[in-house]
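Across the two complexes that follow, chain A remains constant while its partner is chain B and subsequently chain C.
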Partner chain A sequence: MVLVAPAVAMVAIFVLFPLGFAVYISLTDWPLIGPYHFTGGQNYSLLTRDPQFIHSVLFTLLYTAIVTGPIFVIGYAMAMLVRAGRFGSVFFRTAFFLPFIVGLATESFMALLELQPDSGAADFVLSKLGLAHANTAWTVSYGLALTAICVFVIWFAAGLTMMLMMAGMQGIPAELYEAAEVDGATWWQKERRITLPLLRRNIALALIISVIGSFLAFNQFYILTEGGPGTSTQPVVMWIYEEAFVQYHLGYATAGAVALVVVIGIISAAQFYLLRDGRDQEARR
Partner chain B sequence: MTTAARTTRTSRPGTWRPAGTRAASGPSGRPGGGRGNLGRAGFALYLTGGTLAALVFLLPLAWAVLRSFMASSLVTQAPSASDFSHLTTANYSGLIQTNDILHYAGNSLAVAVGTGLLTAVIATMAGYGFARFRFRGSGVVFALVLVTMMIPFQALLTPLFLEMHSLGLTNNLAGLALFYTTFNLPFGVFVMRNTFLQIPWELSEAAAVDGASAARTLLSVLRPLILPGIATTVLYAFLFSWTEFVGALTFITSDNLYTLPLALLNMEYGSVGQVNFGYLEAGAVIAMVPCVLLYIGLQRFYIRGLVSGVVKG
Partner chain C sequence: MKLSPRHTLTGAAAVVLLAAAAACSSSGSSPSSTSSSGSSSFGVNATGTVQFWARTVSKTLAQKLVSEFNATHKNLQVKLTLTSINDDVTSLATSIRAGDPPDVVGLNDIDVPTFTREGAFMDLTQYINALTYKADLSPGHVGLATYNGKEYGVPYWADLSVLWYNKTLFKEAGLNPDDPPTSYAQILSDAQAINKLGHGVNGFTFAGDCQGCLGFTVQPGIWADGSYLTSGNIDSQTASITGNQALVNALTLYRQIWTQHLVPDNDRTDNGTTWGQDFAAGKIGIMPGGYGQVVNLVKPSQLGSEFMDTPLPGTNGGYSTFDGGDDFVIPAAAKNASGAWEFIQWVMQTQQQDQYPALGATPVRTDVLTPAFSTANPEDAVALKALAKGYAPVTLVYDQMFNQAGGPWFQMFSTAVYDGNMSLALQQGQSGLTRLLQQAS
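Presenting the complex of A and B:
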């Protein structure tokens, strides 16, 4: 009891209480300073008519829809490359995963320089290849910024999917592949008939982790575009941050945040269900 | 995920071999370290593809390091071959003298070390408690701690800001470390509980028979067995804290308390006129180096955590 008390206390103070408090704040017109009043569900009904909030939700969904597929496919392919433990695969694995370790914030500052017109490496390389003008300013137009950030994030996050898929692949008994080889199965048949079906749960988990990460995107947009031009590249977390700490509409911002908690909670519940499901299968074996 | 967790557990910690496959490596089942089941041509293709892909991931980071050694005036021009003959440490010395970057790196380090140690202590205690003692409601309490993993702190910034402000924990590096510790606890408790569950009961029972207290058993008998779990917990907490951005942005507003990412942001938006990209690049490299060194040095502990199945994106 005493041993678990500090952990429970921390979680109660910094997670559970704020969670309840968030619901409370979201039902008021809480300003940064001064008295507040109960407004009931007014914040929530305003949200459904707020074009800026709706835009940030749609933008986040669009961004998630763009990056999730490539992150998964590239991550899966890299996992296939390194899973067999051949000569060089530890080096490859480390290289593929390094961007994830360094973190999006640090790398966004590096990307900021490389996305500048004329001086950035992006323009240098692409203009040499004839794919862009040497003075393309990537961060100041909606389409270009979204494109650049999506490529950047795929580069950042594919390594995590690789790690998660590799862990699953290495848990598949080699006997299955040997039996298939005896039966004359091709590489593609083994991948499709053995690896993919056995990895269903791992694939679902990798996708869930990736989608949650995209829903919570903030750093790369804040540092590279600050949501601009205008608020066109503003994801949901940045909408919450700006509404709360720039506009000082704490009650209204928190209503948006509560909606985000509910959505993420549902997705994470699926993650936990999958993990538990796996454990039950394990026990039955 | 759990399949993998089980197999790794039965093999030596940190080795990447599924138990039960003969003598080694991947699904192909041939001894690892060589060409695997690939023919000469296939192996050449594997090495070429792998090297090209590795370059895609490593070159941008290596390029940033190289850029940080170019004079500010060159950084804002198109890259050219002659840049390489004018490498200088001017960005770093300028950054240290005029932007006091070491002070901010110190802030980041203090918060990250504090978060790592506090997470380790609290998660070890809780992991031991959950693994070894059944008390009324222990299942519910454990579930409660794990469920907090489902709650994104990014969505709790407003209530957390108001609460921490009234407790005097905003503009406070210790407050930031407490916040980071809490959001690393579910993962840490999970890892430490699994670590303790893998230790045979008999070991701590024998210690109890010999008259050792719970604390003494933990510190002297079990310590060598739980160190890998602790290393995993500390590594994750440290890296989380070192790279975290939006929480620091919200809870730290006075500039002498800035962590590294905030100091870099200040160089981007806070400066009057042109951003000094040379300085910004050098600062980003300073922020990158500890992550790279820690990961390369402690890779096997990091992978233990990934395989446990509870990872945050």
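Presenting the complex of A and C:
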């Protein structure tokens, strides 16, 4: 107990106290400045009837559903490509991971310029390929904006999944593959019977990071569309931001934030449960 | 029961044994001046340190002023802290809640009403009344700092919207560069003439996806026509969209400009990030924008010779400007309010105001506009002339109405200009503004 006391104290001060205080704020009409009043569960009740909050939640779910699969599949494929120490592996690892290192905010500003009609690279390349008009305005139409942001985020985030998968793949003993080859296993059988089962924990980690990241999406939408046109591409974190720092409804915004924490907690717990492996079950016995 | 956030925070802090940290923070406070508000010596020969928070957007101006003030006031020193334009309001609110605010703040003037309604700032009415140049202060700034007949702020610097035009392109298009547009009809005809030059040249430009930019540049034309989008006292305002002919005229002008392709195609998606760069590159005939915006984009030698400004006109004449920029405010709990007022009075002197143009800002005293000032700063003189007829909407929900992608102003503009449905646009504007104004009151 004594040994873990510092860690417990740190968690209590920097996690539990702020979280508890946030829950308290969410039960008030906390304004930017001035007195506040305790309102009980009124903010949470309002959330369930707020069409803009509901739209933001649904949009976030849609966005998460669109990008999670491709991020994982492309990340996994890239890991397969670069996991062996073949010639050029280091270059491709660096190249695939680079977008994640540079950062989403910086790249969102770059994307904003490249998505400009008439002057951006996206329209130039796509028009040369006959896939889009040279004056396509990507960021002011709901469908086009969502498509552009999803492609952009998949490009950005797949590198992290690649790193997580590659680390797991490199940790699998080579003897397992050699034994399988002696038994006449094909490439697909080795991948399916050895690699995938032993990557279960890495896959769980990658998917949880990806899903949480999607639920917390903000930068790319704030920079590229500002939630527009209208509020059609407003994810739930941007809704919280707007309510708190534009509308100054801090109590109400905090209620939305607490609700988001609960939802993310539930989804993460479900993912952990579904992707648990034998080692987890053994540890519980 | 009314609960004070400050008391709750203090109690919570005690629970987690953070009282020591709070004690440390209070030990760093500035030495107080001996003068207190209400005394005759208030703002005279104050001593100690004045904590001054200014937005990064006024960085150059603030640094220059503070440097010069400190060099000439050995007993009173100003310590400048620059705040981000994105969280300056919440930073200030947090410091006020914590009971440790700065002594003077350069606050975006449209944000001032949010604080004055809560009694967060010191009442400066008696001191402002004593200023000999009170009648010459920027009317928009003063309006935003006035609540229930009392004045809680003094103009600090002005960020004004004007109509920029390219004299070279005017000549090439056969237009008189000394006869800039003074009506909507002339804006349209001049833009059409310049657009015909071709070779990548457009007659006009605007940041078509930047809500704040459009509010900054389109509204003055409406005000020039003597009309406003909201009316009434700040606590019981109503929207004035339905039947607003001046608004219809402004939206119609932009609709004509858009449908006649007088602007670059990428104007539709310009969210302000690249606003004005095409104008500075010499590819645009006319651009409504900020005085300081263009001054910072072009070479000094191009001002006057290639680029010139003129007041933003209304439908058939008249002019106005968006009276943006910052107000000086002194938080009610400021420790050195006397020092803060002494600094403010020093900044308001003409010697300091005359330096503003070179620092990319417009002075806030209209009496600074002398023949000598106009000769030395012809572009800023245009802005300063417009300042006398400037305005800024006094409302608690300006950001929500005018600066948001999903706000009613931009929804109305988009529907009218890009979709061409004026009646629906006006309905959207009326209902959207009404909803926000009702929430605020």
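Just so we're on the same page, the second predicted complex is superposed on the first by the 248 of 285 C-alpha atoms of A that agree within 3 Å, B and C clash if a C-alpha of one lies under 4 Å from a C-alpha of the other, contacts with A are read in each partner's own complex, and residues count from 1 in each chain.
Note that a contact is a pair of C-beta atoms (placed from the backbone, for glycine too) under 8 Å apart; a residue touches a chain by one contact, two chains touch by 3 or more.
Everything numeric in this text was worked out from a predicted model, so none of it was measured.
Asks: In the superposed model on chain A, is it clash or fit for chain B and chain C?
Replies: clash
Asks: Which partner does A:Val182 reach: the first (chain B), the second (chain C), both, or neither?
Replies: neither
Asks: Given the touch rule stated above, what does A:Ala269 touch, chain B (first), chain C (second), both, or neither?
Replies: In the superposition, A:Ala269 contacts chain B only.
Asks: After lining up the shared chain so the two structures overlap, which partner does A:Phe17 touch, if you call chain B first and chain C second: first, second, both or neither?
Replies: Both partners.
Asks: Compare chain B and chain C by how many residues of chain A each one touches, and report the one with more.
Replies: After superposing on chain A, more of chain A is contacted by B.
Asks: Thinking of the overlay built on chain A, is A:Gly228 touched by chain B (first), by chain C (second), by both, or by neither?
Replies: second
Asks: Would you sort A:Asp118 into first (chain B), second (chain C), both or neither based on which partner it touches?
Replies: both
Asks: Once chain A of both complexes is superposed, is A:Ala7 in touch with chain B (first), chain C (second), both, or neither?
Replies: first
Asks: Would you check which partner chain A:Leu129 touches, where first means chain B only, second means chain C only, and both and neither mean what they say?
Replies: neither
Asks: If we overlay the two complexes on their shared chain A, which of chain B and chain C does A:Phe245 touch? Say first, second, both or neither.
Replies: both
Asks: So which bit of chain C gets in the way of chain B here: 148-156, 274-282, 382-390 or 418-426?
Replies: Among 148-156, 274-282, 382-390 or 418-426, the clash with chain B belongs to 274-282.
Asks: I'd like to check the shared interface: which positions of chain A are touched by both chain B and chain C across the two complexes?
Replies: Residues 13, 17, 21, 109, 112-113, 116, 118-119, 226, 245 of chain A touch both chain B and chain C.
Asks: Within their complex, state which residues of chain C touch chain A.
Replies: 1-5, 8, 12, 15-16, 87, 89-90, 93, 96-97, 114-115, 118, 120, 209, 264-266, 268-271, 273-274, 399-400, 403-406, 410-411, 414
Asks: Within the complex, which stretch of chain B touches chain A?
Replies: 1-8, 16-18, 20-22, 24-30, 32-38, 43, 46-47, 49-51, 53-54, 56-58, 60-61, 63-64, 67, 75-79, 122-123, 125-126, 128-130, 133, 135, 138, 141, 144-152, 154-163, 178-179, 181-183, 185-186, 189, 239, 242-246, 249-250, 260-261, 264-265, 268-269, 277, 280-281, 283-284, 287-288, 291-292, 295-296, 299, 303, 306-307, 309-313
Asks: What part of chain A is in contact with chain B in the complex they form?
Replies: Spelled out, the residues of chain A in touch with chain B are 1-4, 6-8, 10-11, 13-19, 21-22, 25, 78, 81-89, 91-92, 94-99, 101-107, 109-110, 112-114, 116, 118-119, 121, 123-124, 134, 155, 157, 159-160, 163-164, 167-178, 195, 201-202, 205, 209-214, 216, 218-219, 222-223, 226, 237, 240-241, 244-245, 250, 253-254, 257-258, 260-261, 264-265, 268-269, 271-272, 275, 278-279, 282.
Asks: Which residues of chain A touch chain C once you look at their complex with the stated criterion?
Replies: Residues of chain A touching chain C: 12-13, 17, 21, 24, 28, 30-38, 52, 109, 112-113, 115-120, 135, 137-140, 225-231, 234, 242, 245-248.
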